[in-house]
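Presented sequentially are two complexes of chain A, the first with chain B as partner and the second with chain C.
This part shows the complex of A and B:
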């Protein structure tokens, strides 16, 4: 495989995503809406019951829900929407690699979502002054690995969604809230403080967001360094590789099946 | 003029749209998942915060019921208030809407029908979500969530749900008016509205903790009063006056509906005049 066309494809798709977000400034503001407001509401819930020491959990959850929403609605569903718009046919007839397109989409999505995340942090900080005892190196490393594994999961979902027709949107609606709940975006979902029974904690641990959130809380609010949270970091890295491999296989398999059955470019089923 | 036949046809179309994309019972069950997970999330935040904050903060089952009922009802309102926006935006995108605006009736009837069908579905899924969360929370947290369910309290809850329809429909018309005329950001608007309701409708915490004068505005929103009335009906020990909250909900709802319809009719008239009503990209 030649590297240059692959990289150019990735860059081109990332630029399309960035242009679609930053080219229309109002989009930046619009994208901030739900993460900021949900984070604010849940911070106020912690505040109203006197649990002010945990307001930082709600703010961190608001940061990560912005990325999770982006993965679900702008990664997982994207090929499906491209199919409806007739764009997917163009991808298929061009020599561009679908994996490069997805990775470009991920880069664009991460950079495009960053303003929302930053705004949640800024507003949360100004309004609530959450208590932070961070090991910043560990926080940064965990954050990056969480994003890589999360977007790799988005690539896998994107390839699986190619088999769906109109059901894709309903699948997103079904996935969004339960994953937010079991992955512990706003409260610990795994470990001693989790309200979940062991079986649910075990299943939740298969989602990168669960591992990432747990490690982020430990490094950001309890000052745990890389040496203390390394099992989570290794797990996130392994998950990223596994999801990338699965998405690559799934894309090829579904593309072949779609070509054979003549359904790959059918717009609405 | 109200045509019940058109209203019924639109509502039936809404039911078909929302449920018939797969086997309807499966579709209905899938629609329970999001409100259930949302109610569980906030209930667990309450449980975690109140159980781990030291001696000054105590876990109170009544407060858990307060949060559980509020979050379920907030999700219910958010679920059907955004339907007009989606019905119009999706209709324009898939070239369905032009067939509706070409008929003799105003598209407002179509929007009302879609919202009412969504209300019926959302009531079903919200009550199912509340029941499921009640049992699962009891099991996970080893506690009993105090809810009073008798024919009388169920009737009171039902009346409160119906009393909130004008307010939600009014909000729907306001959002729908935007969708009629624009093709940007309409998909994100409902997210904004859901977030605003979460903060200002008293779903998770009393609006009185918000800074003045925001707290006053939030207290008198019809959505806040609807949730307050529903809580008085089914959560024992919650302070409040059912009839007072219900009256404020109906009054506020009437204002929302009149304003929403006025804005919608103006937007529809202008959109027809400007020729953008059936354009995918306005």
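This part shows the complex of A and C:
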């Protein structure tokens, strides 16, 4: 594998994502507006019932829901959409690495979603003054590892969704709300404060978002440092590696299967 | 790498089957052909004949189930990565690009899939756009381009990596006459000036006659004729007979009984109340007998004339029916 073409492909795909996100005013409104609205609604609810200690959770949830939405709608279903539009054929007939394209999409998605996340933090901070007791090094490391493992999961989903037709969109709908709930975007989903039974907590722990949210809450609101949350950080790193390996393997396997069976980007005309 | 070949594209006894719930569909059944460097080679046939399948195998999107194929000496089955460095492909049906970014940025993005240096990519985009009449529209978002300009951008993309071999599938489908002509002129220039090879799958006979050096006519996964358009037309000997008859009918099967009739194709015009029949005939005597047979069957021959042979008549002579009838037959 040559490094320079790989990097050029990755950079170009990241730019396409950014140009697309910021090229349409309506998209900007939708991308920025939705996470703020859900976050504000929950913050107001916590505020009105006097549970002000939870407001920070709601704001953090709003930040991460922006990335989670981006992973689902702009990563997981992207290759499937590309396939239906005839773009995936262009990728396959070029020497470009599909992994470089997916990683580029991830970078573009993270950078493109960052303003939305920043807006949730800014508005939440100004309106509700949430109490934080942060260990900032741990917060930053956890945040980065959560994003890496989350987008690696998006890459895996993107590869697996290639086998789907239009039902990929339904898969996203199926995943979006249940994952948002069990991963504890707005409340603790694992550990002693979780409302869920052990079985659901165990399943939820397989999702990077769950581990990441738990570690973020601990480092941001309880001041726990890297030394205290290292099991979560190691888990996130391992998850990222596993998802990247699966994604790479799945892409190759699906390409081979598609060429053999005529199932990817191939129509009988 | 397959050694000892001078051809840009070489296909030998190529087979491809698709599994379906009912029974396997044979899309290609022992196709062999060779395309020389610097040639525009057409693959002509009705829908469902197997043209797209050949293009997809050669552009590494599909594996053959039998036989072999190579592009610039690289085996498409075992060396797809090497093949992808020397080819590009475009399909007229897709006109693919990212809608919310400009045509220029789309072209730049696709150039980066080949790892092209940004300055070189910029220059190529400028040059290709100029020659395809796209320059004025480069900054428009892809969705805002008309069908014709989207297709020009698609064609520009197919040449962005300076490919040795370009595979095009119905590159001018759905385009107006002027746009189609300018794209054909561009393709001819590309081959002449840059020593490329173009392989073109189409069911547009005018396109093949306008730009192809050689053509393979394909039907039901088999090549039934191959040569230059002139050579193929010459094999028919005499001009085809065209008759306008009334009352219009869907089928004129009685013509198949006339001695010396090699095949025919017909189209009904309900508004004018007549059918136009093109009959491929062996000689002038056959043409006379065909007219007499029509008259005897109760049809009035309003007008008849002889026309210059086209490639469709070559197909009709080989198969007995035209593209349209073949597609309807397959759809039954």
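The rule is short, and it goes like this: the second predicted complex is superposed on the first by the 260 of 269 C-alpha atoms of A that agree within 3 Å, B and C clash if a C-alpha of one lies under 4 Å from a C-alpha of the other, contacts with A are read in each partner's own complex, and residues count from 1 in each chain.
By our rule, a contact is a pair of C-beta atoms (placed from the backbone, for glycine too) under 8 Å apart; a residue touches a chain by one contact, two chains touch by 3 or more.
Note that the structure is a prediction, hence the values are computed from the model and not measured.
S.K.: Applying the touch criterion given at the start, work out whether A:5 contacts chain B, chain C, both or neither, answering first, second, both or neither.
M.R.: After superposing on A, A:5 lies in contact with chain C but is clear of chain B.
S.K.: When the two structures are overlaid on chain A, which partner does A:15 contact: first (chain B), second (chain C), both, or neither?
M.R.: The answer is second: A:15 touches chain C but not chain B.
S.K.: Tell me the contact category for A:90 with respect to chain B and chain C: first, second, both or neither.
M.R.: After superposing on A, A:90 lies in contact with chain C but is clear of chain B.
S.K.: Once the two structures are superposed, pull the chain A residues common to the chain B and chain C interfaces.
M.R.: Residues common to the chain A contacts of chain C and of chain B are 24, 27, listed in rising order.
S.K.: Help me check something: in the complex, which residues belonging to chain B touch chain A?
M.R.: 21-22, 27, 30-31, 33-38, 40-42, 44-50, 52-53, 56-57, 63, 67, 140-141, 184-185, 188, 191-192, 194-196, 198-199, 203-206, 209-210
S.K.: Once bound in the complex, which stretches of chain C touch chain A?
M.R.: Checking each residue of chain C against chain A gives 18-19, 25, 27, 47-48, 51-53, 56, 59-63, 80-81, 84-85, 87-89, 91, 93-98, 100-101, 105, 108-110, 112-116, 118, 141, 157, 161.
S.K.: Could you pull out which chain A residues touch chain B in their complex?
M.R.: Contacts found on chain A: 24, 26-27, 30-31, 33-34, 36-38, 40-42, 44-51, 53-54, 58, 166-167, 170, 173-174, 176-178, 180-181, 185-188, 193, 195-197.
S.K.: Would you pull the chain A residues touching chain C in the complex into a rising list?
M.R.: 2, 4-6, 8-9, 11-13, 15-16, 19-20, 23-24, 27, 85-87, 89-96, 258-262, 265-269
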